[in-house]
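Structures are listed in the sections that come next.
Below are two complexes that have subunit A in common, paired first with subunit B and then with subunit C.
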Partner chain A sequence: MAKVTFIEHGGAAQTVDIPEGWTVMQGAVRNGVEGIEAECGGSCACATCHCYVEEEFLDRLAPPSQTEEEMLDSTASERRTNSRLSCQIKVTAALDGLVVRLPEAQS
Partner chain B sequence: MFRFDPYSPAVDADPFPFYKTLRDEHPCFWSEEANMWVLSRYDDIVTALNDWETYSSAKGNLMDELPNRAGATLGTTDPPRHDRLRGLVQFAFTKKAVEGLVEPVRASANRALDAVKGEKSFDFVADFSSKVTVDVLFGLFNLPRENEREVRDKAVLMVQSDPKTRQKGPEHIAAFQWMGDYARQMVELRKREPGDDLITALIQAEIDGEKLADREVQMTITTLIMAGIESLSGFLTMFALNLADHSDARRRLAANPALIPDAIEESLRFNTSAQRFRRCLQKDTVVHGQTMREGDFVCLAYGAGNRDERQFRNPDVYDIDRKPKGHLGFGGGVHACLGTSFARLATRVAFEEFLKRVPEFARVQEHLPWMPSTTFRSPTRLDLAVA
Partner chain C sequence: MGAAAGTDTGMVVIGAGQAGLQVAESLRAEGYEGPVTLIGDEPHAPYHRPPLSKAMLCGEAGEEQLTIRGPEALERKGIALVTGVAVESVDRAARRVRLDDGRVLAYRGLAFATGSRARPLPVSGADLDGVLALRTLDDARRIAAALEGAERVVVIGGGFIGLEVAAAARKCGRAVTVLEAADRLLARVAAPPVSEFFATLHAEHDVVLELGAAVTAVEGASGRVSGVRTADGRLHPADLVVAGIGILPNTELAEACGLTCDRGIVVDACARTSDPLVVAAGDCTARRGGDGLLRLESVQNAVEQGKSAAAALLGKERPFTAAPWFWSDQYDVKLQMVGLSAGHDRVVVRGSVAERRFSVFYFRDGALVAIDSVNRAPDHMLGRKLLDRAVVVTPEQVVDEGFALATLVR
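Moving on to the complex of A and B:
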């Protein structure tokens, strides 16, 4: 389990436990986090689980695949240097305490 | 001794008492009739959906798989190939892409309603849900308008199974083969006359520098037609049934159509048309003390997970204020329904029009004829008396 905190655009924060091996998106959907749509269910095909990863965790993540890079170009809210698709972030013990901020809009 | 036979007409008609026993007493149950394990609790189903490496779809996802289908469609392919294929198809089904369907669905719903104007009762399936679905899907795929009726009949037949022989009957296989031939003709047509449509996009698409095989394009189109027509019209019918049975909810929606999306989510939870799908285990797995073996098939009973009181309070109550986030009405994980935006939009717009013109209606039949299917659930006829 790793604790992951989601901060919605409006500022509301929710911390959830996510099993290792799950993706951050799966943890969000399972716990009813508003602000993650995940229209495609996690196959990196829709860019509606966009999140901004707090800087200190960025280099603990595997870099985005080419497909994720392409999808990140079509997010509804602004793409920033710390933009990732939460369906592509696998939870590991090293990510315990991860904080992600959610964009204003996903679609 | 408890048995769970997904071929039984009793399960078609009302699976929910069986589901309750499964969840409470046999959360990991071996069904001899289905020849597979059954998972029925919400948490267990979500865990399986999130673990495609253990619970593989590559050996088929329908409870009764159709011949030579597994491996050639989105729902029967595992990542990473699945994800590349899904990326190609998903673009046609994003919210933005289906927004253009609002007016076609509205027009189609009104044409269907014009045809029954003045009638005291009509069959919601024949007169509304199947007409609207076929009409809109033909538009979405830009299919030639002849043989709409035949396509719809075959789509409905191919998802059924024979309750006596506990397998697909010759008529079901024939319907599937007919649909495969039809899809092949559509692929040939688009090869000759490419357009700005999904079939053309699939033909031209490449995954890792490789074009999709003709059979993959053909089977993917076949599945999209099946899901687009059968699942959507099945769900529209279930939604109408829920609103017939819950007149307070219906009156609130008629008075305030902004509530329709919440009611759709609750109907997806309460009695989704996609009741059960299957996976195949890639390694021995222990759930609730039972050892399931590599190679065993496992049924994920979405309809049971959606009524699990461990996840949803008072699960057997139809409550349009519930907002059931995370329900399994569209499955979940990487194979979650591709057409969610399309289905939500089509249902919302169709019912905005329906409730405007038919705000008061009631069931005529006490007992409904249910489709014989191990995977999907909806009545084949739903007579509504209108005020």
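Moving on to the complex of A and C:
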């Protein structure tokens, strides 16, 4: 389990326990975190699970695949250097305490 | 169900898949505070269906990971989730639905999100053990379990589901044959260059492709499948057969209560049915439009119609008119499609088929109508904008890789 904190665009925060091996997106939607749509269910096909990863965790993540890179160019809210698709972030013990901020819009 | 807020008898949603969940949650998002009941006949909370034909079959994703919304999260939103219960009948005059556990629910607004089911194989032997179809989580469970012990898998149908199952079965190391009745794969949805690409892709992964293969019977011994017979007389040996020959919308309940149905529950762009108190969303619908009735079987359709349906129940108009989009994952290839290519009269390829990075642009009477992208996500995402805004694009611009199509939507 890793604790992951989601901070909505409006500032509301929700911390959820996510099992290792799950994606950050899966933990978010199951627990009803507002601000993650994840229409495609984790196929990296819709760019509606966009999040901004707190800088200190960035280098603990596997780098984005080419498809994720390309989909990140099409997010509804601005892409930043710490932008990732939460369906492509696999939870590991090293990510315990992860904080991600959610963009204003996903679609 | 008990305590209605004041005199509000509440909203009832039949079907707890992607569309039904969307209706229920969008009612809350739109500010509706009365009772919302979401009824599903499967024993599960709403889950993502797309991974069923992909990660789920090879054990790459556990069942819990497919959940879209857990029961606790729904409870927090005040959505009463009823699982494992089917709706027996709808009485529109009395505004009541009867459940098969004996309960009767009154409604002020009703949504049909009854989904679809796999089209049954219309040949003898379809009921043998080892002959399966894929639609639900429980179906995927059965196929995943059968794959573990199977050596030879025959997939009937070279559409999305069939090809994704074939790719998953190859990943598990099984011998796979795909039988497709048409003369090319994905014939109903894609142009020949895309069909050829996927035929090559599957052949490279040692899938045996039989095109123009009409299945005449499934054969077996002692109640278990042993192979699939085709019209040319050949028997394709199998210890597991998966049929992916399309779906049938679940319209029986809607028909029985007198809603207008025509290959789906007929709705307008705002998801309204022939009854002003009743809406419908997702696979079970057929949408009236300029070109007649449109049946879409996709996540986007479920989500967008779900949003429209919730708005309509609250007396608002939120038409869903965006270009349809779809995707398919096979091996390491991602196919993304936007628009409807039916009736196209010209096809232009951008990118390189040999390098497995290309898009097929479909034109009809000079106008762009659809794009199929293979490992070219940017073309797809841009294509959604081009089509939604009806931007003028020429075939000359499309073939010229030096021309940045993105400049057309700025």
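Assume the second predicted complex is superposed on the first by the 107 of 107 C-alpha atoms of A that agree within 3 Å, B and C clash if a C-alpha of one lies under 4 Å from a C-alpha of the other, contacts with A are read in each partner's own complex, and residues count from 1 in each chain.
Keep in mind that, in the parts below, a residue touches a chain if its C-beta (ideal position, glycine included) is under 8 Å from a C-beta of that chain, and two chains touch if they have at least 3 such contacts.
A quick note: this is a predicted structure, and the numbers were derived from the prediction, not measured.
When the two complexes are overlaid on subunit A, subunit B and subunit C occupy overlapping space and clash. After overlaying the two complexes on the shared chain, residue contacts for A:D73 are found with subunit C alone; subunit B is out of touch. In the superposition on chain A, A:L102 makes contact with neither subunit B nor subunit C.
In the superposed pair of complexes, A:E39 makes contact with subunit B and with subunit C alike.
In the superposed model, A:R30 lies in contact with both subunit B and subunit C. Shared-chain residue A:W22: touches subunit B and subunit C both.
With the complexes overlaid on chain A C-alpha atoms, the stretch of subunit C that clashes with subunit B is 63-71, out of 63-71, 207-215 or 225-233.
Overlaid on A, the two complexes show subunit B and subunit C touching the same residues of subunit A, namely 21-23, 26, 29-32, 39-45, 67, 71. Interface residues of subunit A, counted against subunit B in their complex, comprise 21-23, 26, 29-32, 38-46, 67, 71, 107. Chain contact summary for the complex, subunit A toward subunit C: residues 19, 21-23, 26, 29-32, 39-45, 47, 67, 70-71, 73-74.
Considering their complex, residues 46, 50-51, 79, 82-84, 86-87, 90-91, 94-96, 325-326, 331-338, 340-341 of subunit B touch subunit A.
Contacts from subunit C toward subunit A in the complex involve residues 48-51, 54-55, 61-62, 64-70, 72-74, 76-77, 299-300, 303, 327, 329, 334, 336, 375-378, 381-382.
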